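Labels A, B, C, D and E are assigned to the chains in the order they are written; within every chain, residues are numbered from 1.
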Amino acid sequence: MTVKEQCENVKRMSGTDVRKCMKCGKCSGRCPAFHEMDIKPHQFVSLLAQGRIEELLKSEAIWSCLSCMACVERCPRAVAPAAVIEAVRDTVIRAQGANGMKAEDIPPMVDELIPQQLLMSAYRKYNK
Amino acid sequence: MYRIKKTDLNALYAAIAKTSGLFIPIRRADEVNFAVWGEGKEVSLETLKTVKSPKNAFFPQTENMMKFKTEGKSVEVVDIRTEDKRPFVVFGVKACDVKAFEVLDRVFLAEPVDTFYQSRRNAITVVSLACSRPEESCFCTAFGIDPTAPEGDVTTWLDGEYLYWRANNQKGEALTEKLASLLEKCGEEAVEAQRSQTKEILKRLPLAALDLSRFKEENLNELFNDPRWAELSEACLGCGACTFVCPTCQCFDIRDFKTNSGVIRYRCWDSCMYSDFTLMAHGNSRTTQMQRYRQRFMHKLVYYPAQNGGLYSCVGCGRCVNKCPQNLNIVKVIKTLGGEKS
Amino acid sequence: MQRIGVFICWCGSNIAATVDVERVADAVKKDQGVVYSATYQYMCSENGQQLIKNAIKEHSLTGIVVGSCSPRMHEATFRKTAEAAGLNSYMVEIANIREHCSWIHKDREEATEKAIILVRTAIAKVNLNAPLSAGESPVIKRALVIGGGIAGIQAALDIAEAGFEVDIVEKNATIGGRMAQIDKTFPTLDCSACILTPKMVDCAQNEKIDILSYSEVEEVKGFVGNFSVKIKRKARFVDEKKCTGCKLCMEKCPSKKGLDEFNMKLNKRPAIYIPFAQAIPNVAVIDPEQCIKLKTGKCGLCQKVCGAGAIDYTQKDEYIERGYGAIVVATGFKPIELNAFNEFGYSENQDVITSLELERIMNAAGPTNGVLLRPSDGEHPKVITFIQCVGSRDTSGCGKPYCSKICCMYTAKHAMLIREKYPDTEVHVFYIDVRTPGKNYDEFFRRAVEQYGVDYIKGMVGKVYNENGKLMVQGSNLIDNEQVLIESDLVVLAAAIEPEPSVRKIATLLTASIDTNNFLTESHAKLRPVESPTAGVYLAGVCQGPKDIPETVSQASACAAKVIGLLVKDKLKTNPCVASANETMCNGCSQCASVCPYGAITYVEKELRVDGKTELRRIASVNPAVCQGCGACTVTCPSGAMDLKGFSSKQIMSEVEEICKR
Amino acid sequence: MQEITTKEGFVPNIVAFCCNWCSYAGADLAGSSRLSYPANVKIIRVPCSCRVNPMFVLKAFQRGADGVIICGCHPGDCHYVTGNYYTRRRMAMLFSFLDYLGIERDRTRLEWVSAAEGAKFSAVMNDFVAKVTALGENKKLSDLRVKEGE
Amino acid sequence: MKEVESKMLERAKVLLESGEVARVIGWRKGAFCHDPEPASFESVDELKDFVYDYFCGANLSKYLIAESKKEGKTAVFLKPCDTYSFNQLVKEHRINREKIHVIAVECMAKLDIGKIKAKGLSAVTGVEVDGEQVKVQTLYGEAVLSKTEIVLAKCATCNKTHQVKDEEIVLHERPVRDVNRFAEVEALEQMTAEERFKFWREQLSKCIRCNACRNVCPACSCIKCVFDNPQSGVAAKANDDKFEEQLFHIIRAYHVAGRCTDCGECSRVCPQGIPLHLLNRKFIKDIDETYGEFQAGESAEGKTPLTEYRESDLEPKDVLKEGK
């Protein structure tokens, strides 16, 4: 796949129109994992818009994103940075060719103290 | 009497078409209407009732009459009539429709003669076809018509594998002669058997006992003023379906069509059901649908017979019975105002 | 039968070089209705016009066709020519054989043929033309201004200045509007009240101006020049003529728990009150929801103390009806509700305030007498964070998709004023873009940064939360690609502005169109920005779109100029090319009214005689004074009852027929 | 059923409806800029594109026009505020319907041409004429009686 | 159906006897088993001929334009599909709603006598419906037909429900049909333009200009139709195998676009069996797909798709989808 196709693919997967972004930075302002991320949420949108997908695919931030969707919730332009991050992550996982986490792995992990969201988030994160 | 195998009919049509035009029931887009025959067209003689009657063979729905050519401020009248002198055969006309020709003739061939109609009428040979499977809406017998032996220049019957053929007059003989090679001589047994069988069914038709005796000139005022017209006509939409499928309706309108170089004057069927029928400068002579409705049936059952020696201008074909969108029809009028024989 | 004259212009060589004008004139000589045809070098010249006039008289012409340049150029000229010769000006049609023919075609044969067709098309139309005359309608020489803010005040003053009577209808107890609530104005830092209140007083003192405060428009009938408006005068329970504004009642009123709307509900006020010291009219009003007397029948203290005997608990809403020639809508704006933005904690934290609230806090007549104290504990805030674009440029559905236009400037103003008065205060401003077009605006903003050291952070705040009594403002700093956390004492939100909600009802009453954001639509975005598409209705201030004070004042004055231009006329000439319904064919189905952009169509029950019977029918009736002649209704009408004069269906179809002859 | 045979060197006849405020002025500008387009385009001036009744379009085809184009102000720029929005819906529905009846879709067109777009007007007309020329004569909707006796 | 009929008759009697209404609009028995006619009953006596059976397909709503102008109230029996036309006419101020008492009646799909005859059955004397089976007696013998095959075209795809009712007589629930009413339109859209043209040419050249479609159509309620009005520029009466029928049907379809409730009466009444509803359905389908689903007659208020607009509406060239 060419870089351009890869970009288009990520845009399609994320369902987000990156051109709607007005570069306010509210997503990064809200992000609880900001300091853990090498590429910040707003940069995901900006880099994707510029077609710099290779940098995104190498990013460590796709693993530090919590998928809390706060950025999606707060974006005044209905852009979804978390969806972009997720799409990039899925692209990486798919390229690796295996699910990091399977549905049957989950039941043993469930204990009363684990927040359900965490499991959901992990499942989202490690599956293609 | 002659006969021809049904499977050979196409050859018969082709033979007729060689020397004259052939107007015959043809199925097109699921409906059967009289139309000019041509190779590959689907003829349907079995169809009991074509949607439109064959009257448009000599009284077409639309017909150009003349043209006014304008040049600057001068107007030239151009006779654009193309008199088709070629003989024409109208094939497969049912008894009721044959009778209807007589009704039309009395109008168009009486003085002043309608020459458009006349020229076509003279050129036409009518080949009629007897009915063997009348349906519930048929009531030609009420008008003294025998559907098993229709009039016409030639009468035909469809029975079994054959079409039976009998010439009734000189015109018919002439046609028969032309087709002699295709027809074989035969006896009348099959036809007679079919006729008596059909007559049995005719007796059992629900409208067999329609009583027309009250529709006479002397009852004109009484009938005209009958309050039940209101009830009879109240569902009438004022469309012209009944008049356009009717074999005896003869009203037309004359209109102009603006062309690039003048005006074409044409006539087209009109309907007494329409609000602009016989519209005059002062307005309309009949302003309510009841009046229009009454006019149509009074004309068929009272006015026309009064002027034509008692001949009703309804032939009981039942097309209006079948085609009225709201199921109004002449039968209901006859039953209500005429009384029914018990 | 028409007697038509055809006049083919050479336009020097502009037409004649490509089109054989003589052949054109000759070709149509025998056409239907044509009795005269001629050519001339310049038909629009004095001599050319004389030729037309002479022909009209000599040949008793009933219609003329001029084959010349575009009708957009000389239609008016030739109409006047015809008029001067006693021919109705609408019996003139132009065949455009220059722009649409000679100028674009090179082949002389081809161009001549086309010119003949174009002239014939015009002849075909003229054959069906009928004389039209512009109707007249009288003009009521009084204007109505809806809304008593700075826009309404300015418009009213300008109209009154020209000698016309003006009524201001204001729904609040005083005029003054939003500007009265503002402390200082940018970029000059003038005291807002100091420049506004004299204008309010001027209004009150102007004999031509009648201020109908505490009133609302209830019903509008009529059309340009001739509106009839029903106005509700809400019961204020105080006789406006008697009240002296002494405020004794306010002191004595035992019910003091009302929220002071003027001060953005930051403090309390009595049940009987005057909104602010410089209110016009300076008359008290009783809040019926709060007044003990009105609610329980007991108390009546204010009545006892009122020396003027102005208190009247029995007052009822009253309705008055007045006629107007023109209406100015100046209904203004309000900041949006911020409940949907819980990330900024506006509802939870008293110290998260809107800019308009800050405006009151900074105002000497405000709840803190002008001392910057935070609402929660009355302490001086040491760190203040401003957040811009709260709800503006927001397409997520929570806010407004547009830029509110004024926030960048007032935020700079606030930051600057705070830094000036309280230099020890730290001021941060989160911004997405700083937009400062306008005279001295960017200079003003730069001063806030350069001279007053306001910290502008390019980025947006993601959340504001309370931690140990401190407001933690977490946002991004895009320049440094950092997330910052600012411990603040006060957070000020630049809330988006939206049209005052009552404008919806007003727009419906006036049949004035309104856009998806509830801003009133102007007749033309560039060329008619202060006129509503509804004739006789004008738009001033934020009700038409976000704008600041100078722009509002300009627009108000522009409105006034338009209104004056209308009111100086004794009668209005109406466009004769208007729609009209054929009564006998109209079904009364209302489809035409639903597409009319001007509300020109109403329905009447009318007795018609049809076919000798009388019938009561619902029939469309077009007001020719309001109809602008677009023809939208004519196409919607299935029966063809609705037609457009001057462009009738028959005329257009005859043109089509002629062209198709080729 | 009628038969029309296409003549050699076919030149279509085009009826163009132009709104007075934008497109007619655009056509004027095309003229004053000497931007040529074929002479077989003839313009009918209407106050607004919303004055164009689908019946006019059909009338033109009946009388033998080979193409009909309607031009109005750009959406949002209508002199009468909303007229062209109605036109857009009306014509979208009419054109799609004609297509459904088997009428060539390139015979009809709606274009927005502002008073400043003389060049666009000329380009649109050139393109439209080319497309209609390629289609040949309007055989499906024209009424042969119109040309009777010519 | 007999049960429903007797309930209807009972209500009609009560309404007339009590003077609550001046007349009841329903159906009157015809000459055969299959030709009831719309009728107005003004007294209990007249009700002796009242009928409600499988052949009462006519839409009674258009009659109410005239009825609501008469003195007193009019009660009317409306089938689900009829109520849409009723609403549309109320919306267009053609019917005075206050003067009409709507009795919503059950409809289990109506039969098409034409389709029965097309099965080769002639001289029909009796029809009995038993669930899915229809027993037909004729003078030439008996036959059993499947009901689905002989219902009116308009009933075959109908899932309409009563939109208006002042009271209702519904004893059975009608099963929801799993059909795509646009299937025929889609099939046409799939054809090439030439095929479509041929199809419509064949169909429309059957037209005899009798105006039955127009006169029965509840949306065609114009006091003066453009085709009857010499001033309109399109008036025409001729049935000419050239252009006029096309012009007539195109203009008619356009005039009712956005207002047509798809009641199917045009196709029911056409004496030449032209599938006229396919013209109107094309507009309905285009409107649904382009401007959002819209069912005319669902409400007696609001604008119709062609009298409103959105700034984001598609351009005509984008509405025309690439076919073959």
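We take it that a residue touches a chain if its C-beta (ideal position, glycine included) is under 8 Å from a C-beta of that chain, and two chains touch if they have at least 3 such contacts.
Quick caveat, the model's predicted, so the values are computed rather than measured.
Note on connectivity: the fewest steps through touching chains from subunit D to subunit E is 1. Contact with both subunit B and subunit C is made by D, E. Ranking every chain by how far its Cα centroid lies from the centroid of subunit C, the top place goes to B.
Each chain gets a centre from the mean of its Cα atoms; the one farthest from the centre of subunit E is A. The interface holding more C-beta pairs in contact, when A-C is weighed against C-D, is C-D.
Inter-chain centre distance (subunit B to subunit E, centres taken as mean C-alpha positions): 30 Å. Rounded to a whole number, the gap between the C-alpha centres of subunit A and subunit B is 80 angstrom.
As a whole-number value, the distance joining the C-alpha centres of subunit A and subunit E reads 55 Å.
Look at where the CA atoms of subunit B average out and do the same for subunit D: the two points lie 45 Å apart. The set of subunit D residues touching two or more other chains comprises 54-55, 59, 76, 82, 86, 90, 145-146.
Each of the following residues of subunit E touches two or more other chains: 226, 232-233, 240, 306-307.
Here the chains touching each other pair up as A-C, B-C, B-D, B-E, C-D, C-E, D-E. For subunit C in complex with subunit B, the touching residues are 29-32, 611-613, 657, 660-661. Within the complex, the subunit D residues that touch subunit C are 13, 15, 20, 24-25, 27-28, 30-32, 34-37, 39-40, 42-48, 50-56, 59-60, 63-65, 76-77, 79-83, 86, 90, 122, 146.
Note for the complex: subunit D touches subunit E at residues 1-2, 54-55, 58-59, 62, 75-76, 82, 85-86, 88-105, 108-110, 140-145.
Within the complex formed with subunit D, the residues of subunit B that make contact are 67, 69, 78, 257, 259-262, 264. Across the complex, subunit A is touched by residues 343, 389, 393-399, 430, 432, 458-463, 474-478, 481, 483 of subunit C.
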